[in-house]
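Some structures to go through are shown next.
Each of the next two complexes has chain A plus one other chain: chain B in the first, chain C in the second.
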Partner chain A sequence: MLQPQKSREQSTVNTCLVSGRGSGAPSALERHRQAEHYDGRSDAVDFDEAWNILRSSLHEIHSKNASQLSFEELYRHAYKLVLKKKGELLYQKVKDFEEDWLAQTVQPQVLASISPTILCLETEAATIAATVNEKRADGEKLLRSLKGAWEDHNLCMNMITDVLMYMERVYCKDFRKPSIFTASMGQFRDCVLRSPIQSDHDRRTTIGKLVTAVILYQIHMDREGDIIDKALLKSCVYMLEGLFESEEEDESTRLYLTSFEEDFLLASRAFYSTEGSRLLLDADAGTFCRHARKRADEERDRCRSTLSPLTLPKIKAVIEEELIRRHLGDVIALENSGVRYMLDNDLVDELEMIYDLSARVDSDKVELRKAVQGRIKQLGTDVNHAASNVGMSGVVKQALPKPEITNAETGETEPQVKALDKPVNQQTAAAIQWVDDVLRLKQKYDLVLLQAFQGDQILQTAITRSFSDFINELDRSSEYLSLFFDDHMRKGIKGKTENEVDVLIEQGILLLGYIQDKDMFERYYKKHLSKRLLMKRSISMDAERQMISKMKLAVGNAFTTRIEKMFLDMNTSADLTSSYKQYVNSLGDPDPRRVELDVSVLTSTVWPVETLMTSTKEGESRSACIFPAGIERVKHGFQKFYLGKHSGRQLTWQAKLGTAEVRGFFPECKGQKKTRDLTVSTHGMLILLLFNDMGKDDTITCEEIQARTNIPMNDLFRNLQSLSVAPKTRILRKTPMSKDVKLSDRFSFNESYYNPAQKIKVLLVTSGNQVEGLEERSETERKNDDERQGVIDAALVRIMKQRKELAHQKLIAEVIGQLNTRFSPDIPMVKKRIESLIEREYLERLEKEPASYRYLA
Partner chain B sequence: MTLLIELGSPTLGELERAGFVEGWTRLRAETIAKQKAQVPSLRRGLSENPDVFTKTYKGTFLLARPPNAKVVQLEEAISYWRLVLSAPSLQWSTDTTPWLDWWIEYLQLKWKKSVSKDMWDQTGVFVRKSLEDESMSWWSEEGSWPGVIDEFVAYVRAKREEGAEMDTA
Partner chain C sequence: MTIKTSEGMIRVHKDVFCLTSPVIAKAMEGQFVESQEDCFDLSHEDPEIISRFVEFCYLSRYETVERVQQIGFDLSLTKDDDGIVQYIGPTAVQRPNLPILSRSSERGASSRLPPRPSPTARGPDAQESAKKTALILNAARLRLDVSMWAMGDLYDVQHLKSYAVGQLNTRLSALWEQGNSPSLILDIVQPVYECTFSINDDLRIMLVQSLRKFKRAIGREPLLRSRFEALTKSNNELMTDL
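Take a look at the complex of A and B:
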């Protein structure tokens, strides 16, 4: 049977060669012509006869009896018919046959599998009494029967297409007809899926619609947690995917897309809409998130395993819209389980889910951002309140003559002193507590950001902004931060490893980054630092230096130059002192009672000298205190030495900041030596030295002491207090014995002073850095504002000098741009400075819009 | 006053020959009679022609300023303001707001300092703007107005609110 076909093919090729056209495979047209030629030579074939054979064979194929048939023979029949230009007739006949078959055999089969229970699925009248199981079984029955019909049809059509291959290749191609396979698929669509169902309700339901309803119901059951036959669903979906609206088989006209998907999305939308509302009522935020995420995953899996991947983005959008976007705001705001609750209870996993959901629906995460910011702001405000409440109560208690008594370190026991002592210390503690609190908050949110929010950029900026907001809301934040550093530099870092200190400094500097008024911070830092340096209270100079270098990295060179200069002064002072000592030695001064001198020469522009001298009140003379002759001699000696080195400089002696070591003789002390080494302030030394010249029981009043030493009143009170009231350092005897020092109090040397230690440190209250009182505070602010005015003037002139003419807005913007590394300038203040410059004729207004200025050289 | 400025008077009550001649020539008034006739038209110009007003307004400060001084004392400035900002000159008041009265009230209550040229000139600009739109919608904190005017705006707003409250009460 193979033989003749081959020879014919050969003859075709031969003729082709003879005709001298192309060397490749003959075109369909040529073959057609050749066929005609052949046709002329052969006997006429009876179409009906051949068709009858083919038709019965097609029937056999559909009835699954194809094994008896000879493919070769059928092919030949079809081939012959096509050759005899009966292609069109054949094509039509086959189509008619298929339509008949589908309508007469397949459709009734499928229809038969429809049971009344599922008919009601299509209408939403689910009230018909049928259990879920029945519905499922009936639904599956339909799907299964349809699946069977579809698979059979496919199989048969594949075989038939093979048989009719020649017709496909020649006839269909030439006449641009859809292949018989495609055509029959269309017939399946029309005759089976689109065939109406006869039912007692007079509805225009088709099998296709019913199938959609059944599938949707199955999916619904799946969502509710029932088990369904996913493979069955999948094959039905395959069917829908394999069918097209028209014979062109355009991708976008798949039945799946045109008739199923939309319904599916609608049903899903309805399902998730109700589910979302229900969940919001019943569940807490964590459950909601978990559920939403689970649903999203489920739908993803469903699209992969049961439906088509094409639907994935669409169903995702549905879930995001219905389940997430619509409710996310409410979920985040849920009273007892929302974001606030999660943040407060460190529910990192839940936050992570919230973040995940937010990121799905909103790249800006507005709701989440708001919630987080709100919480930070709230906590921050609480922290601020805690700090300033202590501050307020403290200020109230600070009556005007505020004798700040000794530091807590001195072990003060008298209750009255303590009561007075408390507010300031408490405030200072509150300041440090504030920084600690802020840092703790910061750490917490850093962790949340990292673990739950995946370091999201938008949230990071939002969190940073919130921190910066509430930190700057507290107008004392720069002071508090500086106090925090001070506290750690003096005590906190004792016994800590280098790494711990590192971390601590870094955290503090992080906070510094948030502070807008960096110039305020610099002011306080310098003040506190100078006390640390001069009174040698710093635990580790290395740590101090490290702090500066870190600060430099964080906020820039300009900020730290002046602070660095302070360190430089300390170093040169040390050099100076040692070279002075050498100088004195070289003079060969033999006096053994000569006082040794250790000076710190400070550059007055760099050190906050005026703040270090606050104890002189307005009106009080600033004259230097009177040194005893021995000291005065040394002072002069050094002055001569120094001016010899740097002529033209002016030295001002600041006794307030000095310390002195004095050796005292105390008859009552036990042990071999009756002497004790006392470390006192320079003022304290001056007071003690007075008693050298007095008799054993002579007394001297406070007023007299003042007259003879000229120590500023405030300092004198403080020194006397620490020398006569503080229990461990009661070197002087005070009558009457009371806590407060009055001008009329009398003092005498305490012969019976006893202290087992050889070295005794007499501590002064002021040696610690503390929160400023209101008065001091406003003073500092005023000074800072004065300095700012100068800085703004300089910036304005600098900008205008360069630009000559500039619009008002731009000028303001540039000024702010230049200055905001140091502080954020107050716009009214900038405007005032501009006005002042106009008055001083540095600038003039230009009469044009927008308002501009010109620089006058 | 306008006349004096047209004639280039350096301070109040003094005229210089050159300015006098040049000024009258510019106005094409060589005879006394013509000069007299010019006065009403100049006066009209004050309230109707913005350029004449601005020129007069600005010139007033220079006239009011004592020789070699940069500022005018507040009380003096106020009387000059009364002069140039009420009839027959431009009237600085609108239906809802007696601007001049409030301005003077504000200055006496809150300002209490002398008046610089910049403040005087800017007040002039403010006057014209406020007459164009009394709701002050053109004002903005970011604008280049001097602080004194910023505060005056706040003052006016507060006063208006007060007034509104009294109306409703």
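Take a look at the complex of A and C:
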């Protein structure tokens, strides 16, 4: 019974609580209601009341007393006004208030901070003498005051905008009004920055213009090396960046861009223009570059730390124009410090700077390119002159600077060559020297290109072209290069590692790439190679093969096929010889006195046989040498054997190219063993064999020897020289003893010849490959031209056969295009070949414009 | 931070409120008295609304009115010819600014809290009473949604606004389905127009659309029609919006 009663009591209490809550409503609420009642009737009074509260609050905010204001209250007031459609009125009132505040409070403060010293900055009239420090201090005062005003304004407007957020969100959006913040920024611009300075009526100077002048002056001081307050400048620039010409706040209408940047760029232009001219007069190229680069970096930093990043590309353009582009040509050409000086003294760092500057202003780097090209051309011409001077004068020039490598090599050369130091040898050395010089030059510029020019494509092409130019200017470049290879193949690569040989070959091939007349090179290379192969002078066949394969890669397949064929001939010859030996053995009848025979059968079209035989003078009989009977027998035997295998071929014996091993008995020789194994040329053997039939002290004249052997005079002289004059191989005695061999000289066998070595190689005096004489040279050129004519003919016919009809110009162009890899054809020569083909009725001229030809089948 | 109400302080998480409302964020993070005292003064606001606002900030929803006791007003009902309880409009008080919930100043004669319908009550009286309770609840719910929308608008809480509109829309649709008292919608016309700025507000759009839907139903009932006409006459914006 008790329980339900209790629960009823409880529910009553609850009800009381609810009603208690209701009756306990504070009287404030009553007032609220009344206020609501009230506003329904009188909007105007209501607005004034709310606005008065808001206005005094705005004033408090500007006076930095905001901490006592309730945001919520102000916000709610603004909210109500806007809901009651009083947004526009509120907006206008706030604007008016701000304008008042700026004009009455802020502007005078800023104006007060202007001192007369800085007034003259803007007008540039130095009427008031003020020290730099004064100007700086006064300028900073103005900037500081303005910065303060701006920051206060910004802060307050942010707060006010926050309070008026509802107005912004609803009213400004609906009526497309600029935010009150934006509007007040415009007011700051108009009321503060654009307000005229009273003391200066006539010139209409405004605070904004003055600020620009002060900033520019400070930057000028910074450039001169003074220390300035960068943070202060930055905040002023930040202010200009935050202000716009119009309330649309379009990016391009920032005050910074419209009223400051242009002046800044103008001032900078003037500054760098004078500085550039002054530097050019005072400083050397290196200093100039360093300075220019430093300036560029400084301006970049300035844009970051003091001004706006927006200016970066523009000020960069100014520096590039005023400081770099305008003077770069002069700097590069500076007499004692320009690019030439840098190149000659390997000033990689400075070259790198020059390159950097050039790349900034000119993607083609015309000036730098010209300078580098000019220097290469000049150096190349010097190298060419050095080489051809030796060639022309033929005088022994000991003073010729030789690189160490060549010196070391000459030390290793055969004694004869050294002993008979003839102008020709000197020339050969000069040829090799030339290649070395060119290679050194090339290496140097490769390094410069890589380190200083960052492997720039344009400069690389330019350098390559310059090299190609001066290399081709020297008409003997292909011969020299081939000689260089020859020298290394015979001597140079001795004792070198595979890698070193590789590098050497590659460098050589690189030069080959520059040479235009590759057919000339091929001719020389074949000539030199054949001597190396036949006389077994190559140090390493591997290296030879490697060379060929590299050449193939660099210049193309067609170029090397004939050279490869030479190697093939050598191989088949070795096979042939061994099968011949088997054949001889199978015949039985081993004759102990029989001569062993090694034969190299050379295909005459592939080998430069005629060049090898050029030492035969015109008019001299070309009849073959007279072999002694024993040799003749073997020769016939082989001929029979060979022709039995390959019918219809003709064998021509080239005694000049052969070598022979002879065992000589020297009765009066010192030591136990009286015999020596001599390796001589075939001609030498023929000469020596003559003495077999003679008595101990019998002599024979040169003339007689010639008559009995029919060796060409030239070869005879050389052989006799090496057998009787060369100090280590005097197997014959010559009377009178002199260097040169004359027809009347008499020779006898030197029975007391002594040489500690058992095997002696008697080298021909001029057996090595050497520079051609002028005569030989023109002969080679003539032959080369003959060959070119054939090649051009072939190309012409090939093209015409395909085209049937073709205009003259096009035909010429195609021929040049086809032949360019081998040589650059001479246009008159091509024309002559066309004429010749017309004569031979391969082509006919067509009677029409433009001049054309038709192919006749 | 704390929120000050007429009934005392509520401690809430500042981050939650600043994230929910940019306006509160500005107030609390600015240099005004709110940030000094870490207190946001809402004492002029209805505590019921505030507690729902707080609820919304944490849960992204608010509880609607469930008990008649929570409602501080009454509706005067009329019976039509068939004896069916009908609500035509607030006959006793012609105040445009109806308090939304809780105590109204004129609580007394006409709006003593209706007793909870006793479970044992039977007959037409009980039915009438139940019907009346439902109507009162519905009216209160509609007003609550409108006030919550106003809160969202004032403090710039977009998702509160859309939530409130959604709630209101569901309720109006339900009322439409039930064919029940289109006069309830007329009740909220005035409050809606007071807290919205233009037809661009989603709340007003929703209201206008619903009014168009209810138009025929309103036209059938002369009392309602005259009330609707009075409303459109006194409210130019409503006229243009319709």
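Definition applied: the second predicted complex is superposed on the first by the 749 of 857 C-alpha atoms of A that agree within 3 Å, B and C clash if a C-alpha of one lies under 4 Å from a C-alpha of the other, contacts with A are read in each partner's own complex, and residues count from 1 in each chain.
Keep this in mind: a residue touches a chain if its C-beta (ideal position, glycine included) is under 8 Å from a C-beta of that chain, and two chains touch if they have at least 3 such contacts.
Quick caveat, the model's predicted, so the values are computed rather than measured.
A.B. asks: Considering only touches as defined above, state whether A:Leu83 meets chain B (first), chain C (second), both or neither.
C.D. replies: In the superposed model, A:Leu83 contacts chain C only, not chain B.
A.B. asks: For A:Ile812, select first, second, both or neither according to whether it touches chain B, chain C, the two together, or no partner.
C.D. replies: So A:Ile812 only meets chain B here.
A.B. asks: Between chain B (first) and chain C (second), which, if any, makes contact with A:Ile827: first, second, both or neither?
C.D. replies: It touches chain B, and chain C stays clear.
A.B. asks: In the overlaid three-chain picture, which partner chain does A:Glu835 touch, first (chain B) or second (chain C), both, or neither?
C.D. replies: It touches chain B, and chain C stays clear.
A.B. asks: Given the touch rule stated above, what does A:Ala851 touch, chain B (first), chain C (second), both, or neither?
C.D. replies: first
A.B. asks: Could you tell me if A:Lys804 is touching chain B, chain C, both of them or neither one (first, second, both, neither)?
C.D. replies: neither
A.B. asks: In this superposed model, does chain C or chain B come into contact with more residues of chain A?
C.D. replies: C
A.B. asks: Which chain A residues contact chain B in one complex and chain C in the other?
C.D. replies: none
A.B. asks: Quick one: in the complex, what on chain B touches chain A?
C.D. replies: Those residues of chain B that touch chain A are 70, 116-119, 121-122, 141-147, 150.
A.B. asks: Within their complex, state which residues of chain A touch chain B.
C.D. replies: Touch residues, chain A against chain B: 808-809, 812, 827-828, 831-832, 834-835, 838-839, 845, 850-851, 853.
A.B. asks: Can you list the chain A residues touching chain C in their complex?
C.D. replies: 18-19, 21-23, 25-26, 28-30, 32-33, 36, 40, 66-76, 79, 82-83, 159, 162, 165-166, 169-171, 174
A.B. asks: Residues of chain C touching chain A in their complex?
C.D. replies: Residue positions touching the partner: 6-7, 22-23, 26-27, 30-34, 36, 40-44, 69, 72, 96-97, 102-103, 105, 107, 113, 154, 156, 194-195, 197-198, 200.
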